[in-house]
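The following blocks contain the structures, represented as structure tokens.
Next, two complexes with chain A in common: one pairs it with chain B, the other with chain C.
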Partner chain A sequence: MIRSLLKFLLGKMLRLVVLLAAISILSFMMVKMAPIDPVQAYVGADLLKVSEAQREQIAAYWGLDQPPLAQFLTWGSAVLKGNLGTSMTFRQPVTDVIAERFLSSLALMVSAWALSGLIGFAAGAAAAMNRNTWVDRMIHWYCYTLAATPAFWLGLLLIMVFSVWLGWFPLGLGVPAGMAADQVTLGDRIYHMFLPALVLSVTGIATIALHTRQKLAEVLDSDYIIFARARGERGFGLFWRHGLRNIALPALTLQFASFSELFGGAVLAEQVFAYPGLGQATVQAGLRGDVPLLLGIVLFSTCFVFAGNMIADLLYTIIDPRIRSRDGGDPLEAG
Partner chain B sequence: MTVLEIRNLSVFFSRYYNWFRKRTEACLNGLELSVGAGQLVAVIGSSGSGKSLLAHAVMGILPRNAGWSGQMLYKGELLTPQLQQRLRGRELALVPQSVSYLNPLMQVGKQVRMSGGGVRSRTELRSMFRRYGLESQVERMYPFQLSGGMMRRVLVSTATLGGAELIIADEPTSGLHAELAQETVMRFRELADEGSAVLLITHDLESVLPYADAIAVLYGGTSIEVAPAHYFSGDGTMLRHPYSRALWTALPRNEFTPPKGKPLVRPARSAAGCPYREYCESASEACRSGQIPVRRVNEGWVRCIDAT
Partner chain C sequence: MKPDNLAMPDTASGGKWLNRRQRAVIAAIASAMVLFAVLGFGLALPGSGLDARLEIRNQPPSLSHLFGTDWLGRDMLTRTLKGLTLSIFVGLAAAASSVLIAAIMGLAAAMGGRYMDHIIGWITDLFLSVPHLVTLILISFILGGGVKGVLIGIAVTHWPAMARMIRAELLQLRETDYVRLSSRLGRSRWWIATRHLLPHLLPHLLTGMLLIFPHAILHEASITFLGLGLSPHQPAIGIILSESMRYLSTGLWWLAFFPGAALLLIVRSFDRVSEYIRLLIHPASAQE
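Presenting the complex of A and B:
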């Protein structure tokens, strides 16, 4: 069991390294091909006041006068030493930017993730238990509509209704504008996070709800539910042992595998709500040709998504004895 | 002692044809049957003739859109949903037909122990597994890890664990080769000899004949004849119903002539008359209308006008 787990992890790590290398090369090429002049982006609107000599100085300072390959190699060897470089946009080490931004994104993503998981699971279970009734039909309709709704559009809509018209929620930002950082309360943060988290959770709900509905309906129609009833099992115990247990873990697995959608959604949602998270930093880095930051975020998000998928894979092997035994692992020893 | 008596049992489904119109379809129609303690009664019917519904109706686990009418008596007591719930997994046991009746994600032992609404002790399970030649590590296996023969023994064992007095086996021999089928039917014979009443539902007349006390023949959703097993012998003249005789002669060891016409799996459109009349050589005008009465003959009964 331990040995197969080690083998599993080692294989995954190897794959991650290859993936990271390929992704850095690709992203680097893409940034270099983009029609953005990083020096200009760095200087911003004051371009006219900057002389040609200053421009060259800036370029030299950031290493932008080197040929692309040399730039990449410099960056790459620094990364291998654990140094992701300095962000041109924030003028801070990339690791600091990511750490700070990720923390506020994390709050957003975790709440959206939990929210979509819970709501989706509950909706799916409700639909399955009332299948082919109006409850089921409503939930289906709702899911398909949600799945077809672009998150940024929904975000704009919510801002319009709840922030502009009703004035219930702030227009954006992660904290009240103009307030010193140490005065911001947890309540403020939650208050500011509410709408973005809602928008971010919405896309996830449909997937998990439809999946849960499908699986639970299969279970409820299955022969083993009939036989369990024939053996005298009933009520919540029956539902728990054969229904929920058989579908809860697959649903959780699906949730972990959805990290990439979560991250992609965060980029859009944060942009719409001007929420100072990692997603927003990504957009800024892209627009300004901030290569170190962009690559840093790309590497980080790859690891993030990869971790989600790995957890999903691990869960799969734990849930399903069939997969476990194929991998040569022993079925759980505990009875 | 009669353990189970079924009188005039009909099972029907309601289906929606469009948003508003609901139609009910009968699957079993006026079925009569009884089984006593220590008896093994085989219910023979072609596949899809609603045999499983009979089992599910007695157990009280019909699907939600199904209903039933008629009377079922358990030891003389009317079998109500409450009584069924109380008896299930205890005095009343179902032996299902295939591995799909076990939860694929749960260890076999855990599932078998979960009967009668409570959890049986591990020692109880172990001694019962031993009786069926199942080693103790089978308890911790998952359904997909069992071989066909082991699977069958595990399923049969579920009936024994609760000390059931009425055991209903639904197609327990389907998909088994002859030898394994024999072994399985023998186990039910054993259970009957120990005093249980066993209702063995199958399409396989041949493998149950040597072990059954009586055979009930289903046709068109109803029981058309109940006869002692030894009536199925020789040229079948002891059998009263033309369809029973046709079944007997269709066996490979006899003339091997298949019964006339395709087997009727559902009750005929109009419930009136004999379901077999289209294929029966002795059919007369009287066979076309009304309900054909049950006629007691010697040790069994038959539902045929022509029978003497």
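Presenting the complex of A and C:
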């Protein structure tokens, strides 16, 4: 068991390394083709104060006067040592920016992820248990409408209703304005995180709900459910004893496989609420031409998505006893 | 933006004098008319509503300005319709190019031999491994934003799932008797791909485009909203919404509410059209 797990992890790591290498080469090549002059992006508003000689100094300082291949080699070897360079907008090492920003994004993403999973799962289960009734149709209608809603627009609506009209929640930002970092309590953070997390959760609900409905509907058509019904079981008891276990794992797996959408949704939600997370940093990097940060985030988000997919794979092979017992009991050989 | 694995037909018995197919046709036509009405108005409306008229600025919705006016006195209804028209065109073009890439990749993977299949499978995984929005931001940044950046970005990010579907479909098709016979008769792979497989794929390509379009239009709005898409001078829903953010706290709710709701309506009616068209094209899957 342990050996096959190690083998599985080793294989995955190898794939990740190849993937990251390919992505760094591709994105570095593309970034070099961008029409935006990095020196210009760095100088920004001080355009008139910077002389030609200073520009050359800046270019030499960042290594921008080298040919692209030499630049890539310099960057690539630094990345291998764990140094992603310095962010031009934040004037900090990229790794620091990503670590700091990701921590605050992580809180947002985890709560939204859990929320969307729970709501979606409950809605999907309710729809399947009440198949072809008005409950089912309502949930369906709701899911499709939710899936067609631009998440950032929903964020704007929530701000208008809850922050501007009712005044229940702050207008944005991760912490109260004008407060020193050590005075901010956990309550403040949660209070500021509530609306963004709600918006972010919306992106995942429809997928998980419709998937769960489909799976549970299949389960409900099975012989053992018909037998259970014949014995007189019904309603929530039937779902609890015979349905839940069969659909919980696929739903959880799907939820882990949705890290890509989660990250994308976080970018939008953070932008709407001015929440200081990694998503907002991504947008700033794109807008200001902060190449090192942008490349760092591309690599980091790739790892993030990869981790989610890997957990999904692991869940499939480890938890489900039926998969474990297949082929004489070594689940991970196939993975 | 429909989660695409489930076609949920309305299972209620519903009207007694129309069968489901007839109801599907009617619903598809009705939804299509909404889309065409928006397109028609968006193209036909005079640009005068977009001129700044400061004497009527910041007006709430009224009969003369159904969606209200903005801080420059521009009519929000005109801006919304023009923006939607642009979004629909960008979305259609992006979805079409995406489907084209998917078709080429799928065909090449299924017909190009084992190595080709491996390579394309790897490329597909590569494109799925970075979050769509991050790729979109990267590509927009590289191409300097604008319609071109959005179009290419969306086309490049949305093909993988579709390509996988096409490949799977083709692998099945390749084993059918008439294709095997054709290959025994000495037809080249290219001949088989273009004469036997491609015609079979066309309905799939159409439905694929219908499935991708809502994603495309929403991603266009998102990336424009973030400031990396269409330029601020173009009338786009994303631009309208990102500008409206500055006026949220002053209570100008109509600046954000109507354009977003209109976008939602468009995506939703397109969803319906595509759902019903799929029911009509693939009647066998309608019972799922």
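Some notes on this structure:
Going forward, the second predicted complex is superposed on the first by the 303 of 335 C-alpha atoms of A that agree within 3 Å, B and C clash if a C-alpha of one lies under 4 Å from a C-alpha of the other, contacts with A are read in each partner's own complex, and residues count from 1 in each chain.
The working rule: a residue touches a chain if its C-beta (ideal position, glycine included) is under 8 Å from a C-beta of that chain, and two chains touch if they have at least 3 such contacts.
This one's a predicted model, so the numbers in the text were calculated from it and none came from an experiment.
Of the two partner chains, neither chain B nor chain C is touched by A:G308. Of the two partner chains placed around the shared chain by superposition, neither chain B nor chain C is touched by A:G277.
Of the two partner chains placed around the shared chain by superposition, neither chain B nor chain C is touched by A:G204. Looking at the shared chain after the overlay, A:S260 reaches chain C, while chain B stays out of its contact range. When the two complexes are overlaid on their common chain A, residue A:H242 makes contact with chain B while staying clear of chain C.
Looking at the superposition, the partner that touches the larger set of chain A residues, chain B or chain C, turns out to be C. After overlaying the two complexes on the shared chain, residue contacts for A:Y144 are found with chain C alone; chain B is out of touch. On chain A, the patch touched by chain B and the patch touched by chain C do not overlap at any residue.
Across the complex, chain C meets chain A through its residues 1-3, 5-6, 8, 10-12, 125-126, 128-134, 137-144, 214, 218, 221-222, 225-228, 241, 244-245, 248-249, 251, 253, 256-257, 260, 263-264, 267-268, 271.
Interface residues of chain A, counted against chain B in their complex, comprise 222-224, 226-234, 241-242, 245-246, 319-322, 325, 331, 335. Those residues of chain B lying in contact with chain A across their complex are 56, 59, 61, 85, 88-90, 93-94, 96, 98, 100-107, 109-111, 114-117, 139-142, 144-145, 158, 162.
Chain A makes touch with chain C in their complex at residues 19, 22-23, 26-27, 30-31, 33-36, 132, 137, 140, 143-145, 147-153, 156-157, 159-160, 163-164, 171, 206-207, 210-211, 213-214, 259-261, 263-264, 267-268, 271-272, 282-283, 285-287, 289, 294, 297-298, 301-302, 304-306.
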